[in-house]
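Next come two complexes built around chain A: one with chain B, the other with chain C.
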Partner chain A sequence: MDTLEFTIASLKLMLPAIVLIVGGCLLLCSGLIMKSGDQHRVHDNRNALGALSMLFIALAGFAMSFREIPADLGSGLFRLDESAIASERLALIGGAILVLISWSTAPKRFLAEYYGCLVIMLGGIPLVGAANDLVSLFLGLELVSIPTYILLGIVKRDNLGMEAAIKYFLMSAFSAAFFMLGLSYLFGTSGSTNLQVIYQTLGSETASKLTIVALLFVLCGLAFRITAVPFHFYAPDVFEGTSLSMASAMAYLPKVAGFVALIRLLGTQLGPDVMSAVVPILLACSALTMIIGNFMAAAQANLRRLLAYSSVAHSGYLLLALAALVRNNAEPVVLYSYLAAYAAMTLGFFACLAEIESAGGKTIMIADLSGMFYRRPAASIGMAICLLSMIGLPLTAGFWAKFLVFMSTTAAGMEDPISLGMGILMAVNAVIAAAYYWRVMSKLFESSDAYVPLRVFRPSLFLAYTICVVLTLVWFFVPYAM
Partner chain B sequence: MSYLIPLTILLPLVAGLTIFVVGLKGKLMAQLGVLAAFASFLLSAVIVYEAFGKAETNDGSVATVVPAIEYAPSWLKFNLPVALAGKQIKWQLSLGVDGIGSLMVLLTGIVGLAVSVFSLRQIVNRSHHYVGLLLITQSMLFGVFMSMDLVSFYLFFEAVLIPLILLITGWGHSKEASAASKKFLLFTLAGSIPMVVGLIGLALQSSAVNMESTVELQKLSAVAFQQQMHAIAGGTESIAAYTSSHQWIVWVLLLGFGIKMAILPLHSWLPTTYAVAHPNTTALIASVVAKLGVFGIIRIVIPLTPLALAQEAQILFAALGAIAIVYGAMVALAQSDLRRVLAYSSISHMGFVTVGLMTLNTDGMSGAAIQMFNHGIITCAMFLILSLLEERKVNLSFKMEDLGMASLYPRIAVLLVFFTLAGAGLPGLNGFVGELLAMVGMIRVSGIITAITVLGTVLGAWYGLKIVQRVLFGSDGNHDTHHQQHEVRTDCNATEWATLGLLAFVCLYIGVRPSGPMAVIKNDIERLVTVTQPVSKAVHTDIDTVAQNNN
Partner chain C sequence: MSNLLAWAVPLSPLVGCVICALLSFRGDKKIAHIPAILSLAVAAAASLGLMFTGAQGDGTTTFEGYKYLNVGSVSLDIALKVDTLCLTLLCVVTCISTMIAIYSSSYMHGDNGYARYFAVFCGFVFSMTMLVLSHNLLMMYAFWEGVGTCSYLLIGFWFRKPSAAQAAVKAFLVNRVADCGFLFGILLLNYLIGMTPDASSMSYFERLNFDNIFAVLPTIASQYPEYLGWVAFLLMVGAIGKSAQFPFHVWLPDAMEGPTPVSALIHAATMVTAGVFLMARLSPMMEYTPSVLSLVGWLGCITAFIAALMAMFQDDLKRVLAYSTVSQLGYLFMALSAGSVNGLMVVAVTAAMFHLVTHAFFKALLFLAAGNVMHAMGDVIDMTKFGGLKKVLPKTNVLFMIGAAALAGLPLLAGFFSKDAVLAVLLDASSDGLYGTQFKVMLGVGFLTAFMTAVYTSKAYFKTFHGPEVIPAEAGDHAHEATGVMLAPMFVLALGALFAGFALGPTHVLGGYLAKTEALSAESTHNEPLWLLVVSSVIALAGTAVGSMLAKKSHASAGLMADIGKNRLYIDWAYSKFIVLPLEFSAGLLAWKDVHIIDALANRIAGIPRLVGLVGQRYQNGRVPTYTFLTAVGVAAVAIWIISR
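The block that comes next holds the complex of A and B.
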């Protein structure tokens, strides 16, 4: 096979990511030729750009299904293994829902920029998932985070929005620096930026202190993306300060990118030294994240902050699964299926909120939702199902997600006090979480005497949460499809 | 492979979902729901018949849980993405019924039918939604009683919560319903989510003996049987070793099941929920849902880790059960609101089930299994009568005056007296059978606990007669000068009379011929005793266990 053929074959394999990134760039450019003007024109633009973004996502989906994965994956910059494919799927599903949520809520002055950045972010996730090199890993992560700065800056132009944007930018830059420092040490100890070489270093019987320090830095950098405690402080402010559609993207995309990167780095047979250093850090981080996330969420009266802390708590459960993965008790599928369930329930909840908001209702405080069932029944039922899934009750995808994390955490055997303790801790946290989710849910169905029905109908938002709710319910019966 | 089982679960589920979603405001939908409830009642009766017909006698296998009819297709086989000591976990889920399960399935069928018939007239608002949710709950309950593995058991056990909470919130007292259902939800979840860890611990037992990991109760119980025997054969030290590694499993499971069955310190969700939910909902909760905890102990704790249970919790739980009998009865005596009297009497009656179960011998456990069924029928009838009475008099408090309702509503009065007597354990009615057996079983374990239990029966008769006296008799019934607009002034109608009559017939039948239901559960209890008897002999050497094997 000559070089040209080889290059084309490789490009074919990475086609979904390429389509998304090129598509995002084209969308950005379309801002230059797009005419702005009266209200009518804005409406057309919305539809055009939304449809265009959907088209790119659909093209990426096609590219994903029409390719043949070779048996030998090689060891170049990218490696298209199961993790990569799973992350592509997560990006496409989440992306389609996010575009639907944004359809009628994207900021009208920056439509092209908004969709361009969003689609580029989506393209970054498959890159992280396929990365087989520290350079490409970092590149993918930055492709997710740099558009986020722009998006946070343009979606809401008030003080809270500015605060959110600046806060996120500074913290993110800081964490990226940590991450880079860790990567440079990893390069230093292993002598290569290739992950296959680094895996050998991590898997060796004895590991130098520097390797562990390097991993610590890397974990710090990624903990920011997944809003793990103690790097979670920006989350509530950012969720509160930005628009609903952006908050839903923030709740999902960085988290997926961060966890995929963690799986990429740690999803190998670790040596005993590294294992004994990394596992306690992961478990402690997970315990803190669950406890602080849930307790802070239980104390909130502001719905956005509650959702931010709830997403922090979900990171805690995911970290628990990651720790099980590191201990060889779970497969990456546990994390991917949790993330898929998380996508359906969280994005669905946000879509319902966005629909209520776009119909003229208020969704800032929990109390604003009082009696919403009688004002907006469909969205309320959607929210209720998403909340049930977040609690982790059966008949929803959230059940299997939590159950698999439980299983993988405790699979090390009950004689092991750590796995038993973490299992019980997670159970206690799930009950605390049930309390505040129930608080939101009971508000929805609270009967109130005076209410104004909300009559504005947004097909895109309706479609968004319908898809989420259907996925939540269907994935319970076909957990394999998650 | 019997398709009867998935059919019984799916029929009410599909019917319920259809009615809930399609319902609109058609009155006909609720009637359709009653029809579906009747069909599932028939199916549950067929299941009892089939299970009884195919019940095998002890065939030499050591499994202590053996389904009479089973449904375990290959599509219920799961490969979990979780590895255990390097091996991938493969789980076969299976549904099936044995005698005890089939009895509970029948109870669910009868109660579901009775409650949905009553809700036709009782539930004024959104009656099709109510019936739809009722059918969904019923389907989940069928699922619990027919699951033959840990995963589907837990799944259905949790899933019961969702429709039930909607039933409590949607049709209860508007102000307190939300708080009460939150309490119910949190209490139940606080028990059942830690329970997962315990269930996983039980599932891991099999891998300890180098078997492929499984969740099927039949296989697990066989493994557990050998483990118990092995521990007993090793003497005191190996028993202690086994117990110390399993005690937390027992405690976590008992916490979850104890909350569901409202054992004494964990009972505080029960009176609030019963007092706030609609009486029809309460009838379902009190008669079937409250049995889930006991059923869990019979199905999971006793067969899978009897040694740890006997060592750790047997006497304690028996004592708690006896205290619950007396405490519930005394609090019921002090109440002046009929709802609360019934709620506390339910705590008291469930105490008999606990006591019977914790004897771990043939008499006691048969008593508990029978009493589960009997108490379900009686409580269901009592709460349905309560809903009839509440329609006729909004405030059923007899603190200030006797209500004197017998002269106005003679049919209801007759039924109330009948079911009160059944509840109080009158010989010839069904309450007597279970309570007597539970006490007979207990007397071999602990005399003191039996003495307390007997005290409870006296108190039970006392508050029962007090209800009859204060609600039915006393004044001439003409005191209500300010009667409400929506009050019903007539006696119960023919449908209600017939429904309650059916329940009364079941009470009478079991009362005079207890050998019928006893024959259904006989094989299962015998299987359980093969493991519990040596276990309790080994653990409680000071207790006279000679007379236990009297079958």
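The block that comes next holds the complex of A and C.
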């Protein structure tokens, strides 16, 4: 096989990511030729760009299903293993729902930029998932975060929106500094940027303190993406400041990228030295993230901030699963199913909120939802099901997600103090979370004086949350499809 | 093909259930019976198909369904285990439920909960077929609870009637108590299997597969015989609870508050036989624990006798039938207990299954006939308020007579052969050295109960259909025969009541068929002496004669016996005084403690997250410098910890 053939074969394997990134660039370019003008034309543009984005996602999906994955994955810049495929799936499912949510809510002055950035973000996730080199990992992560800056800047151009954009940018830069520092130390101690080589360093019997500190810094950089404590501070402010569609993207895409990157870095047999340092860090971080996320959410009256803290708390559960994965060298499937369930319930909830908002309702405070069931029944039922899933009750995907995390956390048995302690902590947190989700749900169904039905119907949003709700319910019955 | 058929049996009623449930939201009162009857007919056809194609192969076939979950130590495999034992019950359940659904479409006509009725009806058949087909004890338990729930919903179908709501709760609670035994039995069994050497490779769920249970039985029996005894005992408690045996029999007569077709299906033909099925399914385990089987026999014996006694003094036609069901179920358990005698297990199970099948036919027929009477009499079912109905209900008269004759065990009808098979097994067992005396007593009680059965059955029949014509005011002047839709399925059941006994018993069709099941394939020697047939014919005829005479007396045997019988031997009274009252008292005490101590404490604790959150908000002040500072402090702390390690 000569070089050209080899290159083409490798490009074919990475086709989904390539389709998304090239598609995103084309969408960005379409802004140049698109004419803005009267209301009617904006409507056409919305449909055209939404359909185009959907087309690229569908193309990426086709590219994903029509390719043959070789037995030998090699050890180049990218490695198309199971993690990579799982991250592609997560990106495409989430991406399709996000496009549907954006369809009628994208900022009309920056339509091309909005969809372009969104699709490029989606393209970044498969890159992170397939990355087999620190350079490609960093590249993928930045492909997710740089469009985010732009998106935050264009979706809402009032004071709060600008504040959110600036805050996110600053905090992101701050954490990226940690990340780069960590990467350079990792390169220094292992002598290579290739992850397979780094795995050997991490897996060796003894590890220098520098390696562990390097790993800590890398973890810090990724902790920002997944809004883990103490890198979570920006989340409530950004969620509150930005638009609903952007908040839903922020709640999902960076989190997927961050966790996929964490699985990439730690998904190997760690040596005893590294293990004894990384596991306590992960457990402590997870405990703090769960506790702070849930306790802060319990105190919120603002719905957006509550959702932000709830997404922080979900990161805590996911970190717990990650710690179990590192400890027991288990399969990362638990994390992927949790992320899938999380996608369905969180994006579904946001889609319902977006529908209510686009129909003229207010969704800032929890109290704004009072009696929403009588004003907007379909969206309220959708929200209720998503909330049940977030609580983790049976008949929803959230149940299996939490259950699997719990099982993998306590896999070592009740004799093991860590697994017992973390199991109890997770259970307590699940109860606290149930309390504030239930508060939101009871608001939906309480009787209210302000009986003003909301009649505007947005098919795309309706479709978005219907898909999410159906997935949430169906995944309960076929959990292996998550 | 077989796989498809096997899955069609439970899934088709499930589809019917979902469609009817959706229809019930529309409040539809016209068409809900169509999906229900169609889905049940498909299930019946599929189960007959399974039987005639010999889907069980040589012994047992397990049809893989789908892996519900497979993560770590948790693996849930939904599969169906098909053998001749379960196919026998499966055909009875699906065929009779189809008949009764057809009957119900006319009987329930115009009821407000028409669609709800059929939704729960189909849900029941789904649960029941899954219960029968389960390949796993835990899965069986899940559907065991499923049928219990459907039974609860159907007893309380007319939930605005206080007595119906109460009866539903009573049935549910009594069953819960027994189900606790079942559950603890499963848990203990799981624990025991976990102690065997090769259990570590299996998940908790897989351990409870019937195949696996039977495979490890010898090991457990040799290592932990006393624990195995407890397992068998606890599982037996579950079985006798569902099958309404003493001391759990109290729920079944009250369950007659539900619609009559439901009484026919659930509380006579199918669900109450689940306990018998469980014991038959677990017969390989029971062979290791003869003492539990002997206990079952005693309980069955007591139940058969006292239920027959109570049936003799009831005025309510449906309650007579209910007590008679309890009594006949006692026969089944007596038959099963003969398995404690070495080498008789197969014969015992065969006899029990035989009586189960025939009983399902004639008891369902009797209940439906009683339903016709109720229908015509304007929902009056007290036998003192009507009589001599043979002119008004000529066809029902014949049908009821066939059912009653079969129940009384008149020669050559279904009940005659099957009751005889049970008695023959008891006779065989009574020659045993260890348990012989017990079975001699049980045989005596069996004869006595057979006599009493003939008495109360014929008494009920003659009181209702013969003598001077009395029609209650509630019936108005339009007392009329039931519609053809109601009568047609009854004719089918009547054919069963007439010929099922002769077709299955003396020809050894059922015995030969059941022997294909692995656990029941052992060679057995079994003889039915001719004198037994003669004696039981004489008893049945004598009982019938006595019953017809009793029916003519207007105040049948007033006195102490009648008083006790009418008051159900004061067992219900004793329960409410000595169990329910103390429980209610302690519940009140606990409720007070719950409100004033635990809730107060819990509310305080529940306030904590909010308080902590409010404190935390101080640090979430919206300023980037604060955020970065706090972050840096956190990272620095961890870095120092790493370096100083």
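The rule is simple: the second predicted complex is superposed on the first by the 479 of 482 C-alpha atoms of A that agree within 3 Å, B and C clash if a C-alpha of one lies under 4 Å from a C-alpha of the other, contacts with A are read in each partner's own complex, and residues count from 1 in each chain.
Definition applied: a residue touches a chain if its C-beta (ideal position, glycine included) is under 8 Å from a C-beta of that chain, and two chains touch if they have at least 3 such contacts.
All figures in this text were calculated on a predicted structure; none of them were measured in a lab.
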| item | value |
| --- | --- |
| Partner chain in contact with A:Ala411 - chain B first, chain C second, else both or neither | both |
| First, second, both or neither for A:Ile212, with chain B first and chain C second | second |
| Contacts of A:Leu420 with chain B and chain C, given as first, second, both or neither | first |
| Contacts of A:Leu393 with chain B and chain C, given as first, second, both or neither | first |
| Touching partner for A:Tyr149 - first (chain B), second (chain C), both, neither | neither |
| Partner chain in contact with A:Tyr374 - chain B first, chain C second, else both or neither | neither |
| Touched partner set for A:Val333, first chain B, second chain C, both or neither | both |
| Which of chain B and chain C A:Tyr199 touches, first, second, both or neither | neither |
| Contacts of A:Ala277 with chain B and chain C, given as first, second, both or neither | second |
| Set of chain A residues, in rising order, touched by both chain B and chain C | 330, 333-334, 404, 407-408, 411, 435, 479 |
| List of chain B residues in touch with chain A within their complex | 78, 80-86, 89, 155-156, 158-159, 161-162, 169-170, 174, 178, 181-182, 185-186, 189-190, 193-194, 196-197, 200-201, 204, 245, 248-249, 252 |
| Partner chain B, residues of chain A touching it in the complex | 324, 328-334, 337, 388, 391-395, 399, 403-404, 406-408, 410-411, 413-415, 420, 423-424, 427-428, 430-431, 434-435, 438-439, 442, 445-447, 479 |
| Chain A-facing residues of chain C, complex | 66-74, 606, 609-614, 616-617, 620, 622, 624, 626-628, 630-631, 633-635, 638-639, 642-643, 645 |
| Chain C-facing residues of chain A, complex | 167, 170-171, 174-175, 178, 209, 212-213, 216-217, 220, 229-231, 233-234, 236-237, 277, 281, 292, 294-300, 330, 333-334, 400, 404, 407-408, 411, 432, 435, 477-480 |
